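Remarks on the structure that follows.
Going by the order they are written in, the chains are A, B, C and D; count residues from 1 in each one.
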């Protein structure tokens, strides 16, 4: 059975409300829908690929995490279709399968296959949101740097949009201590893809731990994961990194080194 | 005589109604218009090229097939301009030429030249919808693989959006039995173009029969046909394939093989 | 003095009406605005470049020609800003400089520098509309075919969107007698640019006469002129040609001949 | 603390008004928001990069300069978030930090790091607006012309959208005396980037003085600054220059010289 068709004029939300649906445009369920439409227009999440998860850091329960369902057209997502899990035990406390059948049309939703990867960003980095795209610039960089386990770029202004991260000695947590500088080298680890998305979890976690300075992980022949302190920071980091990946492809094709000699 | 101009604010539909026009945005006639605008923005159906046909699989008569007229600007299509044919004998049961002259402006509509090709997908594969685009990525792949009769790509995450198809032994029909895997090789047959679109029918049918695992056929120097179990599946398959074709052009131009060595 | 700023929410039109302004979205003055916004989004008329002129072929006086002013941001054009000339003597019968000063803000409008070129299409080819763009695909083709006076392409499906033109022996006029075929070679003459746009008139007219089969003329290092029997035909021809020029650049860069060996 | 989230449906403005906020769409604070959304869609100001400043040349006090805050998502900017400075002493006379906390959410705004650069254009050139983008075409040109301190292009029609500037002998000021010609060579100086944006001020001012004919300065590995007599002129110059930079990258990659031999 196929998913309910999510045309842009879908009327469902206005008729159905529960405690995880809100008319506030800043509510995580609404922001996921808004940002997925934006990402779709950027060719980052076409063909049901990619996704985004948001933690309700400013809501009454900041341990709630909103997650889009698996295999759904990202640009047609509706707020009522979200799964909600509660940290730290990641228990699902809402599923769209409980919504009235006139909404679900008896389709059985499953949480995004990215869920354990999103959770890794929440638990290992205290992220407020995590974005996953199939950006062609990201995939091309993993192919053009095909024998490398790191992507590197330096001396480009846009690098300054990315955070300088460091371990807080008193808490042991990785925190933003400022912004990267123009002359810094941005290093993003590249992990190998696996047949099943959830099997990426171990190597993603390993990369997150091995690279305390990174706010993103590239997945070879697949795409990228980017996270941030909140949804807007995650969005900005993802935009800045994608800009740099797109530029890096052009530089490589023109024979220009992406890391400038000192 | 030229076709009536279909400016985006055309007022016709609200004044004229018949049994094949509906205010439901999920109605095939409305979806054809909505998706053609989307495809136009993707540069897939400019210059009146390409098109889409939808079978009313969820309507009262699932044998009705909606088809856009020939030679019309796809992004300006109006729901009243559709032809409707009934399977299995493909008899036309509605023509826009029966609409009032204040709508047709005496223009004589003809069904899309793709009609026999769309019908082949309905009859040979039990498709719910069929999309035809002049995507430049598709045309470039048929040129870059100019001496090949198959396009192939493997080990790219987006391949997982495509269906794994197999013959159902009890019915003899080809059915979706799951999704392709990351390490699978996607094979899309390439047929040679013909001077008249309808003359493609034989070779398209031959390719459909010879490649039971495919949900698409490339046409050299022309474009691509993609079909699916319903309109949303067809849309998703088309998006995923176009993503892969676009990536394949970039890989080829960078000297990267699209099929990974084992 | 600078032109009045044409923000997208400009309120002028609703308050000022004359016989060459209409609430009908199909009126030439409105279509020029609508299509210029579309062309702007295609990067065809940014930086005040390019333009479009429409003959009111379905209006009470089919000799009236609507022309946008010179040096105005094309995407912010308002219907009241049009010049209107009457064929065959090309006399200006309306200028936006007659509009109330609260609209013109004392800016002195001049007709587009393309005016004599548009007029050449009307008088030599009985065109219903003429489009001029600074399309980068057009400019690149004139550079990649830098030592040629013709651009040629064959055996691409999109060629079929273009008209087959022939001289009507009884009237001596060039008329559309059908559509080009897949295997036909589209030939578009390339003329050299001149310092002043109006000085292109002679060579454009010469090319129009020398190439009775063409519906477009490329201008080296500048852009393209495309015309058609009415505004929608001109739009479709321009889209189809631009698609072919874009594809031709890609083919050339991949070492693929644009004219297929027989 | 992170900036307030600026979703596209933010309701703040309609509820809060002061003397530097207006319902007139032509007001500088509104135009900055409108144009930043446009620039975002062009990939010029993603990831909080770039910006625009407008001088209220037609307002009651033409010495007021509107400046967007630092580190904010450009496409989500709201009119109440602007800083206002008064020329010639550049004193800040408005800060968004004075807005009610339900708007600012206690976020501490800082003026754009580009402020001293924008001010240089106002004071040295009497500009009416100044645009700064991270355009990839601009960055690529500074890399492809990596050993040059000037970017040059000639004999492209779009050059005619740019101003011919000359010193007015009686006032000593640089003024527009006409438009560049097709055969003119557009020369844009390239300055080296610095770790801190404000440290660019000296070299930007030096370039502005050394190149009296330029209306733009490229910054290596960073982007471009473009100014004009008013906001619309600055917008048009920026569009025309970006078109030329984009074309120049394509020409360079095809081995075509950007300056034509005489």
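Simple rule for what comes next: contacts are C-beta pairs under 8 Å (C-beta built on N, C-alpha and C of every residue); 3 or more make two chains touch, one makes a residue touch a chain.
No experiment lies behind these values; they were computed from the predicted model shown.
Enquirer: What is the touch distance from chain B to chain D, in steps?
Expert: 2
Enquirer: Measuring between Cα centroids, which chain is at the maximum distance from chain B?
Expert: D
Enquirer: Chain A-chain D contact: same residues or different, taking over half shared as same?
Expert: Different, since most residue numbers here occur in only one copy.
Enquirer: Averaging only over C-alpha atoms, locate the centres of chain B and chain C and give their separation in whole Å.
Expert: Using C-alpha averages as centres, the distance is 31 Å.
Enquirer: Determine the centre-to-centre distance between chain A and chain C, using the mean Cα coordinates as centres, and give it in whole Å.
Expert: 44
Enquirer: Could you tell me which residues belong to chain A and also touch two or more other chains?
Expert: Within chain A, no residue touches at least two other chains.
Enquirer: Could you list each pair of chains that touch, in label order?
Expert: A-B, A-D, B-C, C-D
Enquirer: Under the stated contact criterion, what part of chain A meets chain B in this complex?
Expert: The touching residues are 2-3, 5, 7-10, 43, 46-49, 73, 134, 136, 139-140, 143-144, 146, 193-195, 219, 221-223, 253.
Enquirer: List the residues on chain C that touch chain B in their complex, please.
Expert: Spelled out, the residues of chain C in touch with chain B are 25-26, 31, 34, 155-158, 161, 181-183, 229-233, 235-237, 239-240, 242-243, 246-247, 250-251, 254, 256, 260.
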